[in-house]
Amino acid sequence: MEQSPEKLARPGMPALDAILGQAFPALDDGFVRLVDYMGNDAAIVQAARVSYGAGTQQVSDDRGLIRYLLRHRHTTPFEMCELKLHVRVPMDAWRQWIRHRAASVNEYSTRYSVAIDAAQRTAPHAWRLQATGNRQGSEGTLDAGAGAALSRQEEELHAHARTVYEERLAAGLAREQARKDLPLATYTEAYWKIDLHNLLHFLALRMDPHAQLEIRTYADLIGREIVARWVPLTWEAFLDYRLGAVSLSRIETAIAAALGRGDADAALALAREAGWLERTVAGELKRHRERAECEEKLAGLGISVPWRS
Amino acid sequence: MEQSPEKLARPGMPALDAILGQAFPALDDGFVRLVDYMGNDAAIVQAARVSYGAGTQQVSDDRGLIRYLLRHRHTTPFEMCELKLHVRVPMDAWRQWIRHRAASVNEYSTRYSVAIDAAQRTAPHAWRLQATGNRQGSEGTLDAGAGAALSRQEEELHAHARTVYEERLAAGLAREQARKDLPLATYTEAYWKIDLHNLLHFLALRMDPHAQLEIRTYADLIGREIVARWVPLTWEAFLDYRLGAVSLSRIETAIAAALGRGDADAALALAREAGWLERTVAGELKRHRERAECEEKLAGLGISVPWRS
Amino acid sequence: MEQSPEKLARPGMPALDAILGQAFPALDDGFVRLVDYMGNDAAIVQAARVSYGAGTQQVSDDRGLIRYLLRHRHTTPFEMCELKLHVRVPMDAWRQWIRHRAASVNEYSTRYSVAIDAAQRTAPHAWRLQATGNRQGSEGTLDAGAGAALSRQEEELHAHARTVYEERLAAGLAREQARKDLPLATYTEAYWKIDLHNLLHFLALRMDPHAQLEIRTYADLIGREIVARWVPLTWEAFLDYRLGAVSLSRIETAIAAALGRGDADAALALAREAGWLERTVAGELKRHRERAECEEKLAGLGISVPWRS
Amino acid sequence: MEQSPEKLARPGMPALDAILGQAFPALDDGFVRLVDYMGNDAAIVQAARVSYGAGTQQVSDDRGLIRYLLRHRHTTPFEMCELKLHVRVPMDAWRQWIRHRAASVNEYSTRYSVAIDAAQRTAPHAWRLQATGNRQGSEGTLDAGAGAALSRQEEELHAHARTVYEERLAAGLAREQARKDLPLATYTEAYWKIDLHNLLHFLALRMDPHAQLEIRTYADLIGREIVARWVPLTWEAFLDYRLGAVSLSRIETAIAAALGRGDADAALALAREAGWLERTVAGELKRHRERAECEEKLAGLGISVPWRS
């Protein structure tokens, strides 16, 4: 393998250098701040090319290669880039965040230091209602009048919890125990470092509309303000092949293919075989989650399903 | 959360117990042997239900829940199951195998012990030709006459390499150095332990037709002989939602949707904008890998593309 | 490598089977419950022996091999065993627990279900004072009279926080948002699965006297009630080579060696060179953390240091 | 937590920048080349301080903090630094290297490209003899005359294997199959990226005198030429607390303490209880590996054992 002539400076990205150290505000009192990074789109290409050796001369260009790698779920070249952030997040959202195990973390210690004196507050118009279709989601908001009462109640609870915390400290209690009844929404801070492959996985899950609003706010910021500036070719490919992609199952593919060749009977048979077409005694189709997902995906492709006609 | 009454035996799977210790032969001298396992389909369901708490009473049945989890790429419940295999594999294939980092491995040590006296042999009809379309694949085989010559040549090289190895040992050389020129195809053995989530990822990559034949042989055995017996509901879902699934990119989805509503012009505009429709001076469409992939996927859905008509 | 005759049942451990499903209580309302496991001491030996091949005939016995492996920090054979627990833990302690990334976790979801109606309560005699020597520890307890007032205050805060939570739910708020001000000490539950190597690392850190009392309570239970029954040879080796071991740094070793040969001057020179012997204007040795650690370790070996005499 | 004023450039290390892109030769035809890095000693300190918050004002200086962190096996701050290397290594050594799972790797693909035309050659004086005390090591070398014969034999085998490889390619065989009988010592290349915590673990294992010479050569280069320039405070601490440290087991500590207070009988009783003092019929102490290790460690501390007198 021929050795390419070497650059004598670390690979960088001027558009990202321009925001080094800058804090992007999130929620009422949080932020995401870029601390450091390693690599760029060119570093991904460089790593992929060590795999391909001389053969890569045929691969046209960087953009094409990055798109190919992401489309075909090659992962290791994207691991060659790293991002390090300083974040300030409610512990409640941090509990979700920390579940992404492939990251390095140093979190503010409330054993060692007095807890940050801030918990996430909710504006009167920002109280979200329980979703009905999705047990773990929210939809719509409470009217602002009722919301105002909840916001006052929240403020009182925060004050109560903080007073208890401070009285415990004043009584000489260990910080590790005094903190035990702080609200989950208390802010924490952390250095969070992750490679680009795992970051994209984090973003795919946490930018998803089903992710909880709080962590989604952070994920959106990281994606649109930071990753988009850092690795623009990878970001474009991520939007095309990951965030904007649709996966069709074996059954969905077979149904779409049957409908594509105009064979509604075959499509119906496939759906029936999958157990999707059971009906109530009243003759209504029973609710079936997988069938509903299929209908939504096919509608997105402009295909209407025969059991609805 | 209500505490379910406890089982007093470890969860098992009789169909898998029946093959404990059994070696499934692979290649000319390799095998896959089931050593131990933990969990079953019910353990996946049980772990998922701790997440959902009382709410899960609404989720219909085990099969439905497992299919839902796999379809929506929930991963942690599948991590609750573990498989432990004893495998015998050419080092050449093992070099690919070991790249799956989320596994525990104890490999036979040729520092400590004399190397296994076997290297993978190739039958006269089994010499594969370089693929033309895919730089890293093979297609078709050499005719058996030419193959026979290669097989004899292979045998001589194996004998030569083994003789050198044994003469080095006889001269008192350290095993760690004597082994240095053994053929890559020399067999090694290992205990390999992995959780079901990561195993399914391994299988999705290594059962793929683009995987190299050798490792694909092992992956097929592990999937069809072992996983299918172990967690039949998960295996069925894996075939439906992973192995048999098709992913459409944002662009492919938009083109399919345009065609679905009969708007070929919009589809052409999308393809043009994506840079897919450049033509040679002779007026032919230039080769474009992503466009070709799109054509193949849409054909699979019974959709014909307007730039081909 | 010769193939050993196969056992036809999964390796097990009767002493552990006897406590399958049993919940060991922890704190006021928590528990650790054994759900499943894989492997035993013999499985560790078996995996190590695949590495050594025929050569292992010389290694005397299972106990000796396990002790050798643990003493020399071999890790992969211990990864061959897995433990799966069901735990109930205050979220505050769970925040520390979840930092161990090499585990698989399914946690009770307070997005999906109503939060568990219990937060860790503190008895009047159990309020711990801030340690003076160690910024992140506790030592001693508050007198029970003052403690009783704190316990009442804790109870009021818990009641307040729970009332707010339930009023939010009654107002139709999404569970994912309603939970935001629950106390950190609210109990959560999880399935937690980890291999033995990583479990021993968890235990070494969390059974340490510097670990916070709450998580130490759980670690002690897991170690002494479960691991000790499961893999008694490994547990014995862990106590000897890990929990009970002392590590001497290069400098400490050199000082001890100098003192061992009676050369106090050399020992003093080493300490001085390391910057350990600076004095205040009053002639007192300045505080020096590393020197203090050295003094404590050498005292444990019956060696007295010359700068103290 | 107060926000420190931000630097507007990425943290770097001039001494490391000076060798960016430089290849350090290893073995007869290998190298280690620094491609990129992230972080420095100050970044470790910065990450540790986010944990400690305002409390850290008391921690004296960077050097002291880094030494404290490494001495007490804090790991996460060291994960904040990353190193990316381009290496050229015999596959035989790479098989050991790749076992370190916490790294990101892109390796030269011999499926995609023709294999590198070089295998590690051994000079006449460099043939190592099998160690007698250690089954998996080497000690001493063959005399150069006998070595010259082995070197010629090695050259012939390399030529034979390469000829077979090239004839297979000429016959149109797939590269993925043609490579199967290349010698294990064939060179490969890779980009290898790892964080500093995991790198130190790699170095502790692979710079150890028991590591195989080939990989030790690379580890020494990475440690002494690269890490020492990159994070000098961490490197110094690593030498003091890791490479140069000695770990005493519970039993060894108890024996040393008994001897320290002059109680040889207690020391003998401890050794006897541990099963270390069994004798042959001739009255000689039987070989006992753990006792021998203890004797060596105590001798290093200037302590002589009573069973030898």
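The first chain written gets the first letter, and so on, giving A, B, C and D; residue counts start at 1 in each chain.
Just so it is clear, a contact is a pair of C-beta atoms (placed from the backbone, for glycine too) under 8 Å apart; a residue touches a chain by one contact, two chains touch by 3 or more.
Everything numeric in this text was worked out from a predicted model, so none of it was measured.
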item	value
Intersection of the contact lists for chain B and chain C	A, D
A-B or B-D - the one linked by more C-beta pairs in contact	B-D
Relative to chain C, chain with the most remote C-alpha centre	B
Between chain B and chain A, distance of the C-alpha-averaged centres to the nearest whole Å	27
Separation of chain A from chain D, taking each centre as the mean of its C-alpha atoms, in whole Å	37
Chain B-chain D separation of Cα centroids, rounded to whole Å	32
Residue numbers of chain B (touch at least two other chains)	52, 55, 105, 109, 112, 135
Contacting residues of chain D [partner chain B, same complex]	90-92, 95, 98-99, 101-102, 105, 109, 111-112, 119-120, 122, 127-131, 135-138, 142, 146, 150, 153-154, 157-158, 160-161, 164, 167-168, 171-177, 179-186, 212
Chain B - residues contacting chain A, complex	52, 55, 58, 64, 67-68, 71, 135, 239-241, 243-251, 253, 256-261, 289-290, 293, 300-303
Contact set on chain C toward chain B in their complex	1, 3, 6-12, 17, 20-23, 35-39, 43, 46-48, 50-55, 76-77, 79-80, 82, 84, 86, 104-109, 112-114, 116, 189-191, 193, 195
